[in-house]
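Labels A, B, C and D are assigned to the chains in the order they are written; within every chain, residues are numbered from 1.
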Amino acid sequence: MPIRRRRLLTSAAAGLGAASVGPFVIRDLRAQDVLKIAGIHDTSGGLDIYGKQMVATMDLAVSEINAKGGLLGKQVKLINYDPQSNIQFYTQYATEAATKEKVAVVHGGITSASREAIRPLLKRFNTLYFYNTLYEGGVCDRNIFCTGSTPAQTVEKLMSYVMKKWGKKVYTIAADYNYGQITAKWIKKYTQDNGGEVVATDFFPLDVTDFGPTIKKIQAAKPDLILAPLVGAAHISFYRQWAAAGMNKQIPLASTTFGNEVVITSPEEHNGIHVVFGYLEGINTPENKAFVETIHTKYNIPHMTELAAMTYHGVHLWAEGVRKANSIDRMKVIEALESGLTFAGPAGKTTLDAKTHHNILDVYIGEAKDKKFVVLEKFPVQTPADTAAVCDLKKNPNDNKQYVIDVKT
Amino acid sequence: MTAPILQTRGLTMRFGGVIAVNGVDFSLQEAELRCLIGPNGAGKSTFFKCLTGQLRPSHGDVLFRGHSIAGSQSHAIARHGVGIKTQVPSVFDGLSVRENVWLAAARVNPGRLADTMTDAALQRVGIGAIAGRMVGQLAHGQRQLVELAMVVAPEPDLILLDEPAAGMTDDEVDRLVDLIKELNKRHALVVVEHDMQFIRRVARTVTVFHQGAILVEGDVADILVDARVRDVYLGRQAA
Amino acid sequence: MSRLLPVLGNIAVLVAGLAALFGLPAFAETYVIINATIFASFAILALSLALIWGYAGILCFGQAAFFGLGGYTYAVAAINFGDTTGAAALAVALPALFAALLGYFMFWGRISDVYLGVITLTVSLILYRFVNQTAGEQWNIGEAPLGGFNGIPSTPILNWPGRPGEQLAPENIFSLAAGLLILVYFGCKALLATRFGRVVVAIRENEARVALLGYDTRRYKLAIFVVGGAVAGLSGLMFANSVFVSPTMFSLPVSGQIIIWVIIGGLGTLIGPVIGCILMQVLTNWLGTLNQVPGFGWVDPNLVLGVILMVFVLLVPKGLMALAADAVRWVVRNLPFPRRGKVPEGRKGDVRSASATGSHLESVHTSPFRRFAPPSPSGGRKSSA
Amino acid sequence: MDYAAILALQICSAVASLVLISLGLAVIFGMMRVINLAHGEFLMLGGYAAITAYNNGVNLWLAMLIVAPLTVGLFGIVVERLIIRHLYGRLIDTMLATWGLSLAMIGFVTVVFGNTVSGISAPLGSLTIGAYRTGAYEVFLVLVAAVLLVAGWAVLRFTRLGLIARGTMQNAAMAAALGVSPSLVYAVTFGVGAALSGLVGGLLAPLSGVVPTIGAAYIAKAFITVISGGAAILSGTAIASGLLGTINTAMTFAFTPVLGEVALLAAAVILLRILPQGITGRFFQRSL
């Protein structure tokens, strides 16, 4: 109790902004005996559909680690922050986690914007950072590990698979932001590599819900297949309107982002859509089945995406690093993680690549079927070739930026 | 005869199908005092609004010292030296009496001079005692006086008063009559009023409005016994 | 006594401001300083709307447009120039210029009330839509990519004037933001005390009368609108230095949140919106950590904010400052010891409206007594005869 | 030729969609001079009501056409009693209060339903026009918009209720003169406006799905359309929707969806500059 009172006094003396945290967070008083880590995921606001499942898998991973006796003889304590889908709070919470709670590692960030908001901060405060979301690739910074898949890992496999199956004329409709723009370029590249042609590419801001005009434009262009890296709740309307026009029976569709949408849309709307991810719930292994069962029942999460699974992998990979380094010292853990550490889990075997700090992972092509994904084909051990083209942290350990990968088409 | 300070030629204001002011030819000499009477809806207030730029006349012209001001913005007309007290007191409720009057004085006079002019206007209208009160909390008659002080403070050449005596106590009306007479020594005035007692006390020449047009114009004594005026105005009011 | 109150109030604000300015960097932890920097930059934003809405009666539903423009101007210019000093100046100048154009467009078209709100809202939406779709390379301005939805994460931090590369430390950024906040606050006070300021307040009270006195109200409204735009731009600049620029700076929730701060703090005051802003920031910040407290996981920030806003509009329409003033007065009136000279009954009302913040020009002009007034197309917080 | 037909259909569809999302707001604004910023959330609530009813075994059409408007209409009456009633004549205050309501509704629905709710597929299948296919449901919505406009006109023109409503639009005291208490008129108006929003929310659910934040996608457009249209409920909304919807679709087809959206917004700004009281503030003043 005395500790807590002193805290209150100092924060009151600090004046401005003191009440922002402090007394309301129930703290473990045996502060010396726990090892704190932080998760920053949006569990309210527009992104909460992803944030909630990431918090669940992170919590599961931490409780598994603790059940086995914790790390370095200490229990791991997880501090969750909810930035409410607002970039500003990412900045505030990352600073708080790093300087006030002095956590050993921060996992979190969903959009690239949120990652780029906290990456420089965490580097400045010497706090290790794991970003567990699939994204456009190109981040090159020794303080961050990116465990999600990037377009070169997924789009290549998907394009050759679907073009073999459906045809050579591709129409791309992509979300209008970095991820969509870059993924559209990769789609164009691999379409051409497979001897096909992208007849048109349309970009949609994330809040567009009316796709009527586009659906008519697509019909005028008569493509063999649609590639749809669409993102977010508003874009789900596309799949509904596409099906309502009866087009889902006419022109097949593949996506690099159609994940949780499978729960929200109906089978008539989504059956047959092909996807590619570093993880699918339909992966048929005992580990995965147990994992899915726990998350569904214990955490009441209806469906998991790659983001949730890679968060789980990310936490375990970090724990492996700490065990190997036998320390939570940032540089020692980074060096341990760079030694080719692996974690085999629900998504298969994942290995951190020392040169790029990205994940070497198994990639799965799946098909949406009755609110689930069926795995059609597995492509093991895919390397992050896109990021590797611009980033070599072995050679340039002080690199610190996100490269825009120049896709040659 | 010298050039008039204010003249309108065929001034017309139409709202949709309603003609509120209909081809009015009106003329006012420098330093003249004119009273405007007429039944409710005769178009007096609309006439004032056309003169001060609050409404843009549909047809016709308004000349101020030979200079056309029809359709000019309110502020531009005010800058020519036209001040108006509107029918419903138009004042700043959230400000003090002094601030109200100061704003009027400060438009024409910079710095300290504005303060002096403000005090002078407050004294002249006789509201120096309530200078610190918020206007929003004053009685109707007092608000009328505040607006009067605002009109007087910048010393305009032409003063338009729309029902200045409404809501005033007898004492206040007495002071108003004196004030109007005093103002008339240097300024031209047009006064709209319903109170015939009041008209008798201040008026020399009276113009009668009826259905948007000038019915008759003449000496106050003649007008008040005019049968037509009685019919449209006094008669109707009696009924 | 009544002349002393505003002076005391100003001194109190100044002391509190200076205490934060010098106390925080010396004693507080980094995260408090970073939070406080964000609060200070938002407080400047709150002042920009407090000025044009609370004093000039111009309800701008798109104040975020100037905020975002300030941030983006700074980021793009700083990336291209290398040195940030010129970029900082531009970040204030460009929003001011934009406000001048928009203000000319609106005020010379005699647009007011809700229509003005719709136009400002729409303009901010256009900017939001535009910036949101600039992810492609064709939208690079010089060296600077606009970045679309993701914004410009590599927004450079201010450097010492003339010494590119020597960035300000977080403590310096905080001192700058807090210093600017104090400066803007007293700048607004001074501005409102001038003839210009008084005319602006008079326009809020009764625009037609101001025009009939011979003032060209459009020019005054335009001028105060430009000042508001410049102040919002300044706030955007400081925000860019404490977070980074992204299209959400232009978004409806940001515009809305400024309005909430002003309403909660008190329309027609300057200190109220600053306090409202800081309180709301602290509250939302706290809500984000609530899910760690067992039993509070269901509290949704939107739910809490929405209820607070409704409660204030319905029950505390004059805002916290007036509420606090009422409370103080109640305590004073019920003090057990006798006072020298009683307030005469007739003057009570006088005291009520004038002393909410200590100055006549700051009087709060919302009337809680108009509850059942008939609907009118203009309505709002302006009084009508 | 097919392309021209499909383009025309698309324009009709865009116009109808603006009419639908604006109508509830327009009724409340036209009659009461109240801007309901929770309008988007009323639509959202309609969507949730329809989907929840459908998932509990209610017939889809019943859920969309009866359950949704009834639920939201009743909710609207409660809101009017608790909040709006105290703020009449204070346009800005009602906007702020209803905006608070909108945030609270988003929060509340998120707490109750979470951010994930399974949608409904659009009924009626698809239509073939030459080489093109389009959702029959889209055409159905165009018809609904037309029916609502015509029905609204008929009610206002020919019924006693319409007489009272027209009276209130011109002058609130008129309702009292007709022997109806204005307070009742307002409660009913708000209820009808809310019910319309609920109906539309239910009808749009199969196309756009529902999430708690879906209202944000509608409110700005509805707000802009209603204000551009001016005070006349039906003609204002119809004309403004026609103009803005056509501009939007034309620009979308010619260029990109973003440009279509920006063109819509820019057109509204220019419109308001030229006609500061909205289209029906200048023209067609006597229309409904």
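As a working rule, contacts are C-beta pairs under 8 Å (C-beta built on N, C-alpha and C of every residue); 3 or more make two chains touch, one makes a residue touch a chain.
All values reported here derive from a predicted model rather than from experimental measurement.
Novice: Check every other chain and keep only those touching both chain A and chain C; list them.
Specialist: Common contact partners of chain A and chain C, which must touch each of the two, are D.
Novice: From chain B, what is the lowest number of touch steps before chain C is reached?
Specialist: Minimal hop count between chain B and chain C: 1.
Novice: Compute the centre of every chain as the mean of its C-alpha atoms, then state which one is farthest from the centre of chain D.
Specialist: Looking at centroid distances, B is the chain farthest away.
Novice: Pick out whichever of the two, C-D or A-D, is joined by more C-beta pairs in contact.
Specialist: C-D
Novice: Report the inter-chain centroid distance for chain A and chain B in whole angstrom, where each centroid is the mean of the CA atoms.
Specialist: 74
Novice: Go ahead and note the Å separation of the Cα centroids belonging to chain A and chain D.
Specialist: 37
Novice: For chain B and chain D, what's the span in angstrom between their mean Cα positions?
Specialist: Here the centre of chain D sits 48 Å away from the centre of chain B.
Novice: Any idea how many Å lie between the Cα centroids of chain C and chain D?
Specialist: From the centre of chain C to the centre of chain D is 32 Å.
Novice: Mind pulling the residue numbers of chain A that touch at least two other chains?
Specialist: Only 44-45, 176, 203, 205 qualify.
Novice: If you look at chain D, which of its residues touch at least two other chains?
Specialist: Answer for chain D, listing residues that touch two or more other chains: 110, 216, 258, 261.
Novice: Please list, in label order, each pair of chains that touches.
Specialist: A-C, A-D, B-C, C-D
Novice: So in the complex, the part of chain C that touches chain D is made up of which residues?
Specialist: Against chain D, chain C makes touches at 59, 105-106, 109-115, 117-119, 121-123, 125-126, 129-130, 133, 252, 256, 259-260, 263, 298, 300-314, 317, 370-381.
Novice: Could you pull out which chain D residues touch chain C in their complex?
Specialist: On the chain D side, the touching residues are 32-35, 83, 86-93, 95-97, 99-108, 110-111, 172-173, 216, 220, 223-224, 227-228, 231, 258, 261-262, 265-266, 268-269, 272-274, 276-278.
Novice: What residues of chain A sit close enough to touch chain D in their complex?
Specialist: So the residues of chain A in touch with chain D come to 44-46, 48-49, 52, 176, 202-205, 207-210, 212-217, 219-220, 233-234, 236-237, 240-241, 243-247, 250, 260, 263-266, 268-269, 302.
Novice: Would you mind writing out the residues of chain C in touch with chain A in their complex?
Specialist: 19-20, 23-24, 27-32, 34-36, 38-40, 129, 132-133, 135-137, 145, 147-151, 153-154, 242-244, 246, 248, 278, 281-282, 284-293, 300-302
Novice: Applying the document's contact rule, which stretches of chain C touch chain B when the two form their complex?
Specialist: Residue positions touching the partner: 195, 198-199, 201-202, 204-206, 208-217, 349-350, 353-354, 360-361, 363, 365, 383, 385.
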